[in-house]
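As written, the chain order gives the labels A, B, C and D, with residue 1 at the start of each chain.
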Amino acid sequence: MKVVTLEQVLEVIHDGITVMYGGFGGVGSPPTLIAGILQKGVKDLHLIGNDAGFPTIGIGKLISQGRAKSLIASHIGSNPVAGKLMTEGKLEVEFSPQGTLVERIRSGGMGLGGILVDIGIDSIITNNKDIVTVNGKQFLIEPALTADVSIVYAKKADTYGNLVYDKSARNTNPLVAMAGKVTIAEVEEIVAVGKLDPEEIITPGVFVNMIIKSQGVDWKWVWE
Amino acid sequence: MGMGIASRERIAKRAAAEIQAGMTVNLGIGIPTLVANFLPASMHVMFHAENGILGTGPSPSKGQEDANLCNAGGEPITVISGASYFDSTTAFGIIRRGLVDITVLGALEVSEQGDLANWIVPGKKVPGMGGAIELAQKSKKVIVLMNHVSKNGQPKIIKTCSLPLTAPKCVDLIITEMAVFQITEKGLLLLEIMKPYCLEDVIDNTAANFVISKKLKTI
Amino acid sequence: MKVVTLEQVLEVIHDGITVMYGGFGGVGSPPTLIAGILQKGVKDLHLIGNDAGFPTIGIGKLISQGRAKSLIASHIGSNPVAGKLMTEGKLEVEFSPQGTLVERIRSGGMGLGGILVDIGIDSIITNNKDIVTVNGKQFLIEPALTADVSIVYAKKADTYGNLVYDKSARNTNPLVAMAGKVTIAEVEEIVAVGKLDPEEIITPGVFVNMIIKSQGVDWKWVWE
Amino acid sequence: MGMGIASRERIAKRAAAEIQAGMTVNLGIGIPTLVANFLPASMHVMFHAENGILGTGPSPSKGQEDANLCNAGGEPITVISGASYFDSTTAFGIIRRGLVDITVLGALEVSEQGDLANWIVPGKKVPGMGGAIELAQKSKKVIVLMNHVSKNGQPKIIKTCSLPLTAPKCVDLIITEMAVFQITEKGLLLLEIMKPYCLEDVIDNTAANFVISKKLKTI
């Protein structure tokens, strides 16, 4: 049975594991799961996601409380605490361009070793990245990313784990959902198998291991 | 940007004049967001958001915001007819594939060759490059909207960027409160001067060589 | 206006161009477009797609009539004529494993240079393919594929080119739709902009340049 | 395969016994397709199709076929509750990610180490590898269903494959009309003999070393 309680979910979250999270600027990061992880008190997490959220929104909660040892993200501009921790040497940060990062996550989820991109090849410092020539053009080798646990937010799940997202809260979630050894979905609504149209399903349930019902989203503050 | 609302709107309005019906356009945060306000309502332009939308529309009225419908800056938006939602890989696939006709963004520095620096101030601000790098490197036309000078009064249009580049040779047009420059194969071309500034103001506040267009306008 | 006639479409199809086609075993290959291309009489086409169709179904029609100079596909087993032409040296064939091929097409469509895969690395002859080590594992570098023209089949398009597919006729179509310099969609139904739910759209219209109405599909024969 | 329908069904039925509720299973063309017919109707198994379906169901009744709903072999199918459609990249992502619990396919040769050759006969048949290579290399369990010997009476279970490999060391179980072999770290293990064949038949028709299981059954 994939539908579980928050307590059951937290049994797979341990100190030092790699956690990948869906969401973009806090929107679509699973709030109930993040609050639960915070409350459990795990530390030294290796986080992978689009950004550092805001200090009290999204993944930012965990980062602000010093629970992360490292972070792979495209930017941390919306979370000054993350910047401060990075400057103090308390948080190791690796930046990837946003489009490169999501492709690295997808390639992990798809069982690929990585992708070739030319983004940043002639500008941003390429930090020991290998360069290859393909069809006469140069590309960076960008390695795939996977995680011990992926946490995502969706609108609906059936009990098999098929996921349907809502508007722009889809963002990085379908990619993150594929890249976890264990994938946990927090959803607004859990429906019986057969209640979702096979055409509307974005994440096939085979990628999803656990499902919990959301206690509600917390990212409206940006404009409130 | 520490710029008055009138200047901001004037810059945004000038940028809007670059946009044609049917185009795919990405607007960065800050002044670029205002550009949409200066397009005719009847003009069908597809605004692209990096999180995963093509076809964003105006801000919703107060109370009508949808927590799950935001642009890449996290602001609540609406969508227009013909819009689609997708995941962020497709959003960046559209960018890398060169399908964004115009990207409008801010800058810390622009060089006379069109090099763009807008993401990092070493030792001060290291926020990460986000998606600006893809937009700058791959959009068909890159328009920079910015103050002509920095807070300290230093020119931001310079011979060579001192800050790390977001992307080299990518900027096509610079619009400031003072002037509009096109960046051509041969370097900067001054197209327009914004009243009440005059040519001397532009010369004094630009630390790069530029050619004055034969069709120079004061607007 | 993206909605055009078959005649207008055929103006972009010339001898010697690269044509990528959607479909899987003939199902979901655009029949009206293929019939039109056949009738126009172009030759020396470089084809890229999942398979060689059947001798008189799908892309097989063009191959059987000797219109293709080369083919990149995952198998040609369902089209004996393709095998014969290959053996006679009249058709140059490059094989890619099925999953690798679709990722190569996708990476072309997504503006990537290629992907890293470990499929076939220790079995199938790797024909001068470069091997790289990433995260301690070896991977083949598989270059991206793009085409002068991509032809796809969809259930519905709005006039902006947003596409919705039907069941398993989706298959490789959304990938091929992104990888053409010019993408032409043959669809069952053309609707006004605004008639498609933004959530149901699989291919955003920005990837699609021309739309024609299908004259009906031809791939039922497999079981008839 | 030139095998009687009874033998084909017997092999398929034996393969079905390997499948448990909740598994993700890919069935190749030929005998493997028959495996689904031998599962209890109440057992929830997700059958995977490479073209882009998870959750295929039985063949539709005559006249109920949908031209746009086929399996990877092009045969009309139905879908069960919980099914989803996706493009072929996701279909192969599921495979490469190791999420297919069991793949059932045919073979030209299998070596005693579990090497699989099922895609090419040099100089004769060069159809391309399709998706069998991904399934063989990445599925958690690979079950081969085949005739015990070739049309010419040559053993197909051999010490070393003579044909180009689809994937090395990937086969876990071989089911023929004569016997069931498990492939272990130490090589072939004869688990079952299919009546009316006897141990001598298996020995005579297998060109590889094998160990006889202490729990050998005749079924």
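One rule holds in what follows: a contact is a pair of C-beta atoms (placed from the backbone, for glycine too) under 8 Å apart; a residue touches a chain by one contact, two chains touch by 3 or more.
Here the structure is a predicted model, which means the values were calculated and not measured.
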item	value
A-D or A-B - the one linked by more C-beta pairs in contact	A-B
Mean-CA-position distance for subunit B and subunit A (Å)	29
Between subunit C and subunit A, distance of the C-alpha-averaged centres to the nearest whole Å	32
Chain centre separation in whole Å, for subunit C relative to subunit B (CA means)	36
Set of subunit B residues in contact with two or more other chains	53, 79, 85-86, 89, 92-93, 95-96, 138
Multi-partner residues of subunit A (at least 2 other chains)	103, 110, 112, 117-118, 167, 198-199
Chain contact graph, described as a line, ring, star, complete graph or other shape	other
Chain pairs that touch, as defined at the top of this document	A-B, A-C, A-D, B-C, C-D
Touching residues (chain side subunit A, partner subunit B) in the complex	24-28, 50-51, 73-78, 83, 86, 93, 95, 97-100, 102-103, 106, 117-120, 122-125, 155, 165-175, 202, 217, 219-220, 222-223
List of subunit C residues in touch with subunit B within their complex	109-112, 158, 160, 162, 178, 193-194, 196, 198-199, 201, 204-207
Subunit C residues within the subunit A interface of the complex	103, 107, 110, 112-118, 130, 132, 134-135, 137, 139, 141, 143-144, 167, 198-200
Subunit D - residues contacting subunit A, complex	24, 46, 53-55, 79, 81-86, 89-90, 92-99, 138
Touching residues (chain side subunit B, partner subunit A) in the complex	49-53, 65-76, 79, 85-89, 91-93, 95-96, 125-131, 133-134, 137-138, 164-168
